[in-house]
Each structure stands twice: as C-alpha cells, then as structure tokens.
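After this come two complexes, each holding subunit A, first together with subunit B and then together with subunit C.
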Partner chain A sequence: MEQLFYYLKVSWFSIKRAPLPYMLTVLILSLGLGVFFSNATFYYRMNSDPLPDKSDKLFFPMMMLVPYQCSDCKAPPVLSYSNVAKLAASDIPSARAAMYSADGYLRQHAAQPPTPVTVRITQRDFFSMFDVPLLHGTIWPDNQARDELLLSKATAEKILGRTDVVGQQLLLDDRLFTIIGVLDDWQMLPKLYDAYNRQYLNPAEDIYLPLESGYDYNYLSNNNSSTYDDADYRKLATDGRTKAIHQLQYWVQLDTPAQQQAYRQFMANLVTDEKAAGRHPSPEANQLVMLRDIVRYFGGESADIKAFAIVTLLFLLVSVFNASHLSLNRYLSNQYEFSLRRALGANRSQLQMQLLVDMGLMSTFTLAGAAVIAYGCTKLMNSLWPANRLFASWDVQLMLALAVLTLFCSYLVTLYPSLRASFGSLNKQLKE
Partner chain B sequence: MITLTNLGKVFRTELIETHALRDVNLQVNEGEFAALTGPSGSGKSTLLNILGTLESFDSGDYQLDGKSVKGLSDAALSKLRNEKIGFIFQSFNLIKDFSIYDNIELPLRYRGLNATVRKQRIERALELVGLHARRDYLPGQLSGGQQQRVAIARAIAGEPRILLADEPTGNLDSLMARQVMELLEQINRQGCTILMVTHDPDQARRAGRNIQIIDGQLHDSTMYDPLAQHTA
Partner chain C sequence: MPLHLLFKSLQRRKVVTTLLLVQLAMTFALLLNSILLAQQTRQQLQQPTGLPLQQTLQVQLKPTTVALRQYPALGDLLTRQLEAIRTVPGVVAVAYSNQGPLLYGGNNGNVHDPDREELSKANGVPLYTVSADFFNVLQLPPLAGELPQNEIAVDGLAKSPVVITQSLANKVFDDKPAVGRQVNRGPVAAVVADFYGQRSAGTVNYNAIQVAPLYGVDWGYSILLRTEHGSTDKVRQALPQVLQQVDSNIEIFYIRTLAEQQQRLYSNEFGLASLLSLLSALMLLVSMISSYSNAYFHTLKHQQEIGIKRALGASKSRIFTELLSENWLTTVLGATAGVGCALVLNQVLAQVISIPSLSWWLPLLTYTVLLLCVTVATWYPATIATRISPATATKAL
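What follows is the complex of A and B.
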C-alpha cells in the first residue's frame, strides 16, 4: 500500500515535469473515447435486441391480399380487418395480436385541460407477446370491444398524480373509459413491434385501447394505411371491418420451426383460397419476418448513423495513435530516470509496476475526461436529433464498458512506450 | 571478491565494432581502494558498468563473491545491484524534483525495507556526509560538492560492499574534490571496497591501488598488498 503511494508520487512528479503534453495526451484520448462512446451507445441501443428470448419467435406476416393486380409488388406492411380475421382463424400461433396507433386527448374530468396522448389500439395478447410488465390491475379478458383502457405509469402519474388508479375513470376524447391496468416502467427499445416508417425510434404509447373499440369509435390510424376501391379510411367505424382499408399490423408468436413451417403453409393456402374466391388477382408475395429482422426488412437501418459510428471509431483509433506518440515522448524523456532506478536496483517488474500505476492514473483522468465529453456529445446529439433521445441513455453496464475501453486504450497508449523504457539499455544516459 | 577472467566487451553499431575491453583479468579483494586511470575512451566506464552489472559482456567471466554473474535473471541482477553495489556518477544523477531525503531513499525503496528502517539508514548516511540539515532541500539548492555527497549518501545508504565511482570529482573544484575524496577514504576505512575512475594523479596516488586501462587493456596493475597499505 505504502509502495503504491510511492509509485503514485513518482508518476505525479513525472506529470508535473511536463504537464502540458500530459494533459494533451489525456485530452486527445478522452476526446476519442468520449465521442466514440456517445455514438457507440446510440448505435448499440438502436441495434440492441429488446426481447432476446423471443425475438426469433415473434413473426410479422405480410400478404399481398389486395384487390388490385401487381405482379412484382412486395406485400404491404399492413392488412385489412377482414384479412386479419382470416389469419386469426389459425390456431397455429401461441399468441396473436393486431394493432395500430392513433392520437387522442385525455383528461380526468371536463374541467381539466386535455393532454394529448398516443394510443396503441390492440388486442389482449399484445401484452404477453412483448413482455409488457403490469404494475396494477389486469389486461382485457378477451378481444371484445369495451370501454376499458390501460395506462403507462408515466401517464398515470401525469394525469392523476399517482399510479394506483385501477377502477378510476378517464375521459378519452370525452368518452368515459375505466382504467383496468397500469403498466410498470416499460420502454421497448427499439420499439420493434412498430418498425415500419422508422416508428421503432419512438417511445412506447401512453394508453392502450381494445382494437374493436378503436374501430367502433373511429380512431383513425396515425401511421401507414392504404385503401382500395371505394373504401374511405375515415369511415373506420362503419366500413373498417368490411371494406379494403388496410391499416393493421399483425404479430404472431410461433415457438417452434414446425409451427413456423405450418404457418407459412397456412398463409400460402390462404392466398390460394382467396385467389380462387376472386378476392385478389396478384401472385403470392407472402412474407413472415422475424422480430429480430424487422428493421432490416423495412430498410429502416439508418446508413448515416452507421457511417457516423464508423467515423467515430476511426477517430478513436487516430486519437489512440496520437496519444501513444505523445506518451512515447514522455517515456523517452523519463528514460534517464528509469535507467537511474534500474542502476540503483529496481528490477523490471518493479518498473513495470510503476508503469502500471502510471497507466492507472492516466486511465482515471481519461475516464473522467471521456465521461464529460461523452455527456456533452450526447447532449449535443439529443438537441440535434431530439427524436433519437431515447437511445442515448446510459446505464451501469455501459459506464463499465466505457471504463474497460478506457483502460484498454490507456494500456495500448502506454504499452509500447513502457516496453521501450524498461527494456532499453541501462547505462547509456548515466555514463556521462 | 571481484574476479574478471579474460573479459571482453565489443560495441557493435551498423558501421563499426569497438573493442571496448579485451582480455581483462582482474582480481579485487575485499576492502581495497582501487583507482582506475587511463585516457578518455579507453574503456574505464565500460569496465565499471560491467562490474556494476549495468552492462553485459561478450566473452570471459565475471565472478562476484565466487559466483559468476553470467546467466543471472534480471531480478537476481537487480537484487545484487541493490544490495551489494553502490554507484556514484560524475554528474551525480540526482532526481531534480525529489528532495535530498527522497533521493537517498530511492535504492532502499526497491529493497522493500520498511519506513522506519529506511529512515534510520537515510539519517545515518546524511550524518556521514554532513548534510543532515539539508534533508528537505532540492538538489538544485546545493553546491556541486554537496550534491555529490548526497549521491554518496544514496550509494552507501544501502550499506553496499562495493562502491563504484565514475569520475566522482570530475565536475568539482579542487576543494570540493578533496572533501569528496576524504569522504570516500572514510567509507573505505569502514570496510567498503571502492573502485574509482579518476583523471587526477594525486587521487590515484592516494588510492591503495592503481589500475591503468589503455585501449581496453589493463596495464600496470599494481598488485594489492594489504601490508603496504596498512603500514602507509
């Protein structure tokens, strides 16, 4: 312990001898690490798998079940209500949910100003499929229309000031709904169940309504929808279930390869039957995409973010290279002292220890610098791209990763110079 | 205690080979005070560095206390340097921003002595060189002669059996040089073997033994005669 303090003292004196180059080394390294880390965090979060146990079991079926002729069209990402009903007839999936999203205004009573909310209109299996945690209450017992909603924890706190609010009533667009459940903190990142149009970057919705009620009350989709023939997307309550209004996303859970194979066959048969019934003229273009692959399938990966990540990695490499150069100079100018210590009886491992402590000290400074710079970069990115804010959050794991990376880079920066210093010839500088 | 047999040292650079030492045979006994003289570039420093295990050699053998230093590990050599050998350099080689006390402590640090023992030894060494009052000064605040005495204190604090001094008075004026010389003689009287490179014929004469090196070869090596010194 006492020896450790001695090593620290020796390092400190050597820093004091040439503080500017040392600060420059730390700064360069911090800069490289900080910029890289803030960007890597972002990239990592954006590409992380929010449901690692399930992302290969949840599937997004897409089918070319539209009333018009197209021989080389990709299947659209949304389905009509009647198509969903046909798909839902299969009991191969262990869970299934149709969904879309809408906007609404929520308040506790008519005297309160309304708060704009995002609404996910969906079916009961949604919560189990995407592992949505429940803090209070229950979910709907079936997929029937009912004036019951679930709230996110944050929304409950915002509108009602607390979370234990099951049984209370709220006005959603001035229709009375009963709260049957409050979700626990939940933020599926990225929000892969809504991947089309890069919606996966957005936060999870504030409230959840039964699909049938959404149709009954004419909640229009705020995302992708397409209509054919004389269908009018605004007449959801009256025409939504019968006409060619395509606006539903549909997810199924297929646990085994056998189920997946069977479901593909089921989809193929469905297309054949529909064709035979004259309901769609196009050739089959069925797709069954895994949750894990959905962003890639929709081409939603952002090339600029990837390019930026690569640029920051290169920047880090350049920083390490520069810092290593500076640190080599520092060690060379300390070579005299190394030789002297060797001559007076320090062995190589004692010198290595000294260098290790030196490296530890540098890592500490660099880590502090990198954290500050990464924080600044994250702030900057958040203000440049506020939509991506969710992906810039740090946690203990990421901070640990930064620490390990810093240690590794400091090691790289000091490794070669320290080898040079401790294996260099002993006597040259002392002879004169 | 020191035996060199047919020792040779060659420096090789891309252009030339320098035979810094050839066929050196030397025996130094415990308690001797030997002066090494010779023209510049004749290999004096090289010999001293080899004796101090700071430098390797190419042929022959070097036995210290009857054991060859050849093939010793770095750790063993460092231990040997640390415990048996003290170095004094012409340019003092003190660390400029370390206090006198910290400079003297340096070799003791690497021996793993505890703080109390270190303190005792440093104080004793400071006492001997007469600089106890300056223990918290920086080297730059002392005269050259005082700095060299600090270097001597550093060398003897570890209580080595051999002191290797490479022109210890080369950078000093004659008064200071005499003080340093007297200090070395005092240390020698306490039983420490000293090998000292010098250009000063007076100093060489005062040493019990004279070893001359010319072109890497030992000449005129007056053999040590313990009786002669004791009667002198």
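What follows is the complex of A and C.
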C-alpha cells in the first residue's frame, strides 16, 4: 500500500510539472468516450430485448388477406377484424391477442376537465404474453365486450391520486367504465408489440380496454388503419367487423418449433381455403415474424442513431490516437527522469507499475470527464431527437461498460509510451 | 526547405507522425461527410413548397366530447370557430381541413382515371376535405377550371368535385386537360398549382382536395389561417383564447406556422446534421491540439538544431516557414489519405441513411478548412521557434 501511495505521489508530481498536456489528454479522451457512450446508450437501449425469455416465442402473423390483387406486395402490417377471426380459429398457439391503440379523454365526472389518454384496446392474453404486472384487481375473464378497463399505475395516481381504485368508475369519452385492475410500474422498452410506424419508441399506454368494446364504441387506431372496398371506418361496430378495415395487430405465442411449424402450415392451409373461396386474389405472402425481429421487419430501425454510432466510433478512434500522440509527447519529455530512475536501479517492472498507476489515475479523471460529457451529449440528443427520449437512461451495467471502456482506452493511450520509456536503450536515453 | 528534407524530418518521428496522419485522415473524412449532410438538409428545407410558409398558421385540434365529434354539432362548432377566428385582427382568410400540408403521412389513398386504372394510378395521394376558403388561405388560385364553392359530402349520392394539383393531373391524365374528367373520387373541378403534401408519398406534390364537410374527426382536424404580414405572432397568441371561448370542449395539440411545420418535417435530418457538425468542430479542435502539440514538442526537442541553423545564417522567417511547411505537408498527406476514408465513410453511411455522394469541389473546400486550422494551431509554436537564439547552438558543443 505504501508503495502504491508512492507511485500515486510520483504520478501527481508528474502531472503538476506539466498540467496542460495532461489535461488536454484527459479532455480529449473524455470527449471521445463521452460522445461515444451517449450514443451507445440509445443504440443499446433501442436494440435491447425487453422479453429475453419470450422474444423467440411471440410471433406476428401477416397474410395477404385483402380484396385487391398484387403480385409483389408484402402482407399488410395490420389486419382486419375478420382476418383476425380466421387466424384465431387455430388452437395451436398457447396464447393470442389482437390489439391496437387509440386516443381518448378520461375524467372522473362530467364537471372535471378531460385528460387526454392513450388507450390499448386488446384481449385478455395480452397481459400474460407480454408479462404485464398487475398491482390491484384482475384482468377481464374473457374477450367479450364489457365496460371495464384497467389503468396504468401512473394514470391511476394522476386521475384519482392513488392506486387502490378497483371498483371505481371513470368517464372515458363520456362513457362510464368500471376500473377492474391497476397495473404495477411497467414500461416495455422498446415497445415491440407496437412496432409499426416507429411506435416502439413511445411509452406504454395509460388505459386498457377490451377489443370488442373498442369496436362497439368506434375507437379508431391512432397508428395505422387502411380501408378497402366501400367500408366506412366510422362504423367499426358493423363495417369494422365484416369489411376490409385493417387496423389490428395480432400476436400469437408459439412455445416450441413444432408449434411454430404447425402454425405456418395452418396459415398456408388458410390461404388455400381463402383462394378456393375467391377471397385471396394475390399470391401467398405469409409472414410469421418473431418479436425480436419485428422492428427490422417493419424497417423501423433508427437510421440516425445507427449513422451517428458509426461516426462516434470514428470520433472515439481519433480521440484515442490524439490522446496517444499527446501522451507520447509527454512521456518523451519525461524520458530523462525515467532513464535516471533506471540508472539508479529501478527495474523495468517497477517502471511498468508506475505507468500502470499513471494509467489508473488517468482513467479516474477520464471516467469523470466522460460521464459529464455523456450527460450533456445525451441532453443535446434528447432535444434534437425528442422521439428517442425514453431510451436515454443509464443503469449500473451501462456505467460499468463505460468504466471498462475508459480503462481499456487509457491503457491503449499509455501502452506505447510506457513500452518506449521502459524498454528503450538506457545509454541513448541518458545522452538525450 | 526542400521537400525531401521535410520528409526526412517527419521520418525521424515516425510514430508521432503516423498518429497525426491517421487523425487528420479521419477528421477530413468526417468533416467532408458532415458538410455533405448539412448541405442536403439545407436543400431539403429550401425546396419550394408552393405555400405561404411564414404567414400561414395551422391549428391542430380535436373536440374532447363524443357529441362534438359528430354532425350536426361538429358542423356548428366549425362554423362558430371559423367565424370567431375571422374577427381576430390580422387574419386574412381561414378554413378547416381534415389535415394540413407538410406532413410526413396522414390521410391518403389512390387516385386514378377509372377508364385506365392501372396506367393512371397514383398511390398514397393526400386526400383533403376542406372548406371553400382553403385555396384562398394557401394562395392556390385555379390554373384551370373553377374552384368549388359549396360543401358536398364525400359519401353523398352526388359525387363531391375534386381539385387536384398540376403534377397529379399530369400523372393521371397523361398531360392532357383534366377539368371535367372523372377520377375515382369524383369529377375534376379544377387544377391548382403544386404544393407540398406528405413526405411519405411517392411524389410530394400530388394532392387531391374536396370541398366537403369533415368525414370524421377522430384523428383531430386542422384550422388553417393566413395572416397579414407582421401579424402572425399576435394572431397566434390570440388563438387559444378565441377557440376556448367558442367552445371549451376542445384540445389544441399545437399552433404552428407552416415554416415551423416544414422544419419539423426534417427535424431528424436537421438533428443528425447538427450533431455531425458539432462532432466535426470537435474533431477539428482535437486535430488543432494535436498539430499544436506536435509543433510545440518538436520546437522544444530541437532547440539546439534550430539554434545551429540560425547560427549558420537561417533567417527567422525561414525557421517559421520551415515549421509551418512541416505541418502543411503532414496535413496534405493526412487529407489525401482522408479522401479514401471519406469515400469509405460515405458508402457506410449511405447504407443507413440517405446521403449524397461526394462531389469534386468538397474535398478542396475541406482541404482548405483543415489547412487553415492547422496553420492557426502551428502559428504560436512556430513563433517560439523563431525566438531561439543562435547562441543556443553553443550548448551543443
């Protein structure tokens, strides 16, 4: 320990002797690491798997069940009510849920000003498929229409001031609904069950309503809806259930490869049946996309973050080269001191130890600087790309990654100078 | 100083020179691609929209009660809102619309000539249902035909006449006169000049407009108004109160000028261009520090050598030029390697974002910027070198 303090003291004296080059080295390395880390945070979070145990078991089936003919079209990203009914006819999936999102206005009573809310209109399996935690109450016992809703914890606290509100009634778009459940803190990020149109960047919804009630009360999708034929999208309760109004996402849980294969076969058989009935004029274009692949399938990956990731990596490299350059100049200036110590009996391993302590000290300063710069850069990125703001948070794992990266970069920066200082020719160095 | 001697001098510091060259090459590559991206964003923001951007305000709003979202209550609400806005000083014209222009996506569908559907079909055309003053607000006089004056429901027995933009008319009717002919949505009443509709559409200038009651407002609707020069801010401030006084059961999502709307349409590109510009500036700074440090350290290490040169008759200006020349040579070498790096980076970026390819004059501009920065960074160490006295040479003896 005493030796360590000695090395630290020598390092400190060395810094004090020429503080500007040292500060510049630390600053440049901090800049490179900070900028790289802030973008890496977004990149890592956006590409993380929110359901690692299930992301290879949940699938989004899509088919060309549309009333037009197209030979090279991809299957539509949303399904009609009747499409879902056909896909739900199979008992192969362990769980299944159709869903979409809509907007609404919530209030306790007519005299209160309304609060805008987002509504997920779905079926009961949604909660088990996506591991949605329940704090109070229950989920609907079946998929029938009912004037019952579930609230997110934040919405319950915002509207009613507390979470234990099961049994109370609320006005959603002037219709009375009973609260049957309140969710616990839950934020699926990225929100992969709603990946189309980059909706996966948005927070989870405030309210959950049964699908049948959503159709009865004519809630239109706020994300994507397409109407074909003479269907009137203002008549969801009638036209919505029978005609080609596409607005539903549909997820199935297929736990084993055998189930997945069987469901693919079921979809292929369905195409054959529909073609025979004259309802599938286009060639087969079935898709069964895994949850973890859904963003890529819809082409919704954040290109800006990806492009900036390439550039920040380049910047980090430049910073490391620059810091190495400065570090080398600094060591060359101090070479006489190293040589003198070697001449006085210090062996190479002792000099290496000294350089390791130098590196540790530099890593500490750099880590602090990088954290500050990364914080500022994250704020800047949030203001320039507000849609990504939910992905800006750090956790212990990310901080540890930054620490390891800082240590590695500091090591790289000091590696060559330390080798040169320790292994150069002593006579030559003393002459210089 | 002859070129071969400059190279020899650089060779004496192989590692330091290599590090500097790599940095300069990467800085050059990033700087060049940042300029490209910034230039592209600027072009996107400056492309003609055919709209009075500064004087037009768009209010996006939605009734908060179910009753107000349906006719006849909705019709009454719209009439009262438009009347109230007309009384605001500075308002020239006002209209409602199911959606505004300059959007990424929205309400759209295909438009085609029913007699030759496959050949004439234009997909993803923004479909507007508007009040008659829409054309006056957006300053879109008819190029052919007459603008409809009465609202006719789009789902009524009689087809609501359609107004289409010039480029859509050319596409659907193959450059032949469109007025009086039928498209799948109704008879063409007029053709107006092109304006920017939706970015997600194949061609941003395709638009189809029908003067009709709003079909549905579950996604909200827009009130568009044109203001007198210099009145936009005052009108904008007055609008929330005016609209709330008409009926408080509304949610106003935003009030923006079309210029702000256009800016938002390219906000992602603007964000990336801003971040890359910032990063380029940082990289230039880092390169300047590197050049400074390189020159300064070189001066310190070679004081005796410089002293000898001075003693042998080298003038101060020669020493100064010598030091600058070394750094210029490094910069030129680094930047030349940077052209290759820039091409690679451009290709890599083109796989993820839309970025134009390099033009011949951009590397020249980037060379100039880099040389200027390096010169500024090296100036002070070079000045120090000129102050080294010829007497320093005696220390070598």
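Quick note on the criterion: the second predicted complex is superposed on the first by the 426 of 432 C-alpha atoms of A that agree within 3 Å, B and C clash if a C-alpha of one lies under 4 Å from a C-alpha of the other, contacts with A are read in each partner's own complex, and residues count from 1 in each chain.
By definition in this document, a contact is a pair of C-beta atoms (placed from the backbone, for glycine too) under 8 Å apart; a residue touches a chain by one contact, two chains touch by 3 or more.
Since this is a predicted model, take the numbers as computed values, not measurements.
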| item | value |
| --- | --- |
| Which superposed partner A:D173 touches (first subunit B, second subunit C, both, neither) | second |
| Which of subunit B and subunit C A:L340 touches, first, second, both or neither | first |
| First, second, both or neither for A:R296, with subunit B first and subunit C second | neither |
| Of subunit B and subunit C, the chain that contacts the larger number of subunit A residues | C |
| Touched partner set for A:A307, first subunit B, second subunit C, both or neither | second |
| First, second, both or neither for A:K379, with subunit B first and subunit C second | neither |
| Touched partner set for A:K74, first subunit B, second subunit C, both or neither | neither |
| Which of subunit B and subunit C A:F315 touches, first, second, both or neither | second |
| Contacts of A:R162 with subunit B and subunit C, given as first, second, both or neither | neither |
| Footprint overlap on subunit A, where subunit B in one structure and subunit C in the other make contact | none |
| In the complex, subunit C residues that touch subunit A | 15-16, 19-20, 22-23, 26-27, 29-30, 33, 62, 64-67, 105, 155, 215-216, 218-219, 249, 251, 267-268, 270-272, 274-276, 278-279, 282-283, 286-287, 289-290, 293-294, 297, 300-301, 345, 348-349, 352-353 |
| Touching residues on subunit B, where the partner in the complex is subunit A | 45, 49, 52, 54-55, 74-75, 77-79, 81-83, 87, 89-91, 93, 95, 97-98, 106-107, 109-111, 115, 154, 158, 166 |
| Complex contacts: residues of subunit A adjacent to subunit B | 2-3, 6, 13, 16-17, 337, 340-350, 426-427, 430-432 |
| Complex contact set, residues of subunit A against subunit C | 21, 24, 28, 31, 35, 103, 105, 114, 116, 173-175, 197, 218-220, 222, 232-234, 303-304, 306-308, 310-312, 314-315, 317-319, 321-322, 324-326, 328-329, 332-333, 380-381, 384-385, 416 |
